[in-house]
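Both complexes below contain chain A, partnered by chain B and then by chain C.
Up next, the complex of A and B:
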């Protein structure tokens, strides 16, 4: 059995689920905040990108390792 | 793909291998070399802890010097007349960093803003090497007889780890300087639970403290490694598919590299601001 295929699929898939939920909530809240207080948009945008980078990091690491497992191992 | 003689596995591994110099138990001081990338990695492993990734050092120090040279040049020739484009650009960067530091860091410390600027620009430059087509520079070095050349220092965990642990050292230094050894220990052991649980609190807080540099290092490394990995995979494809995939990924990657440099900077400033806070 080629278990490494399963491992890569889990890494890519679960990472994607987590990031999708996280960035979905984050983007929704950002729009909500922007609609309530449009004058805070510049501040919110900076914070939005910081948190997006934090949320994005783990799935990206998962993608990198998953690709390594798929193609180079 | 620069060379037809490799299999795709060998090609990927070749691109992920650093040029390492170290003391091999049998062959003495030498660059690690081997028939395949796997052999080279094995040789690097045998060199133990004191092997040094020459390409990482070369490119990171080189880019650091480039940063210092560029900013110094602009600072020396800065004019209050109509500024040139370069001066305008540098001013934008400095104001951007200054604004961010001011919004997070409220104490008086002359080190923090230059540190934040250095971290931001230096990491950005190191990440920027990711956008250089992956075969150009390794190909040139290969022609010159150097077979391994990894030009993105931040895809090496040693470089990001070095940065993160330097920040960690500063956190410890400023914690002790601001609160004293006793104050620092008190901060570690008397929260979040009441004082009776001091050993438990201490354990919890030390784990939290150590997690800071590790997450800082691995976040940057992981992002850059994943980006590099995907560029390498695209380079394996037939040539007509490369532009189609490489260009969108590179454009997306411009966002990623700036964002990661920015996050590294912001988190450094946040951690140092936390270290300055006296309870």
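Up next, the complex of A and C:
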């Protein structure tokens, strides 16, 4: 049985779940902050953008490893 | 007046972000150049790993900061999510293309350069936010 396909699927799938939860919470907090203080939207938007880049770091490494397992091994 | 103050803080964060990207590019080029005399495959694999990280980041940043002033919070959020989805798709495509088209490739140096870029981004953003 080809377990490497399962390994790649787990890496990609679990990474996607992690990123989705993290970015979803972040988006909810962004909307809360914007509703409380609408004048902060330009700042919150930039902060959201920067933190989103940090949240997706580990899932993207998982995606890279998954692609490596699928295509290079 | 207060909105202007927050916009200035947003501008500073934007400057910090682009400075981080410049430093990352410089460090990546330096590492690749230093590795060339030892092993050419390792050198270009490291360069490739760094570029896989930097190109989607640059594209996403350009897209985000180009129309930063426009719209409500809901629209801003929708745009950020769309940009993030395209960034992830671009990154996954670059990974797949590198692994399929480029041979030989050193996986270790590719992922080491990618990790270095991620850690640099984390450290510079966090330390910059503390100092501002």
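The rule is simple: the second predicted complex is superposed on the first by the 73 of 73 C-alpha atoms of A that agree within 3 Å, B and C clash if a C-alpha of one lies under 4 Å from a C-alpha of the other, contacts with A are read in each partner's own complex, and residues count from 1 in each chain.
Keep this in mind: a contact is a pair of C-beta atoms (placed from the backbone, for glycine too) under 8 Å apart; a residue touches a chain by one contact, two chains touch by 3 or more.
A quick note: this is a predicted structure, and the numbers were derived from the prediction, not measured.
In the overlay built on the shared chain, the residue A:10 is in contact with neither chain B nor chain C. By the document's definition of touching, both partners, chain B and chain C, reach A:52.
In the superposition on chain A, contact of A:71 is made with both chain B and chain C. Contact with chain C, but none with chain B, is seen for A:27 once the two complexes are overlaid on the shared chain.
Legend: residue contacts after superposition of the two complexes on their common chain; A:41 is shown touching chain C, with no touch to chain B. Counted by residues of chain A touched, the larger count belongs to C, out of chain B and chain C.
Applying the stated contact rule after C-alpha superposition, one finds that A:61 touches each of chain B and chain C. Across the two superposed structures, the residue set of chain A contacted by chain B and also by chain C is 46, 49-50, 52-54, 56-57, 60-61, 63-65, 67-68, 71-72. The touching residues of chain A, counted against chain C in their complex, run 19, 23, 27, 30-31, 34-35, 38-50, 52-54, 56-57, 60-61, 63-65, 67-68, 70-72.
For chain C in complex with chain A, the residues that touch the partner chain are 2-3, 6-7, 9-10, 13-14, 17, 52-53, 57, 60-61, 64, 68-69, 72-74, 76-77, 80-81, 84, 87-88, 91-92, 95-96, 99-100, 105, 107, 110-111, 114-115, 118, 121-122, 125.
On chain A, the positions that touch chain B within their shared complex are 46, 49-50, 52-54, 56-58, 60-61, 63-65, 67-68, 71-72. Against chain A, the residues of chain B that register as touching in their complex are 8-9, 12-13, 16, 100, 218-219, 222-223, 225-230, 233, 236, 256, 259-260, 262-263, 266.
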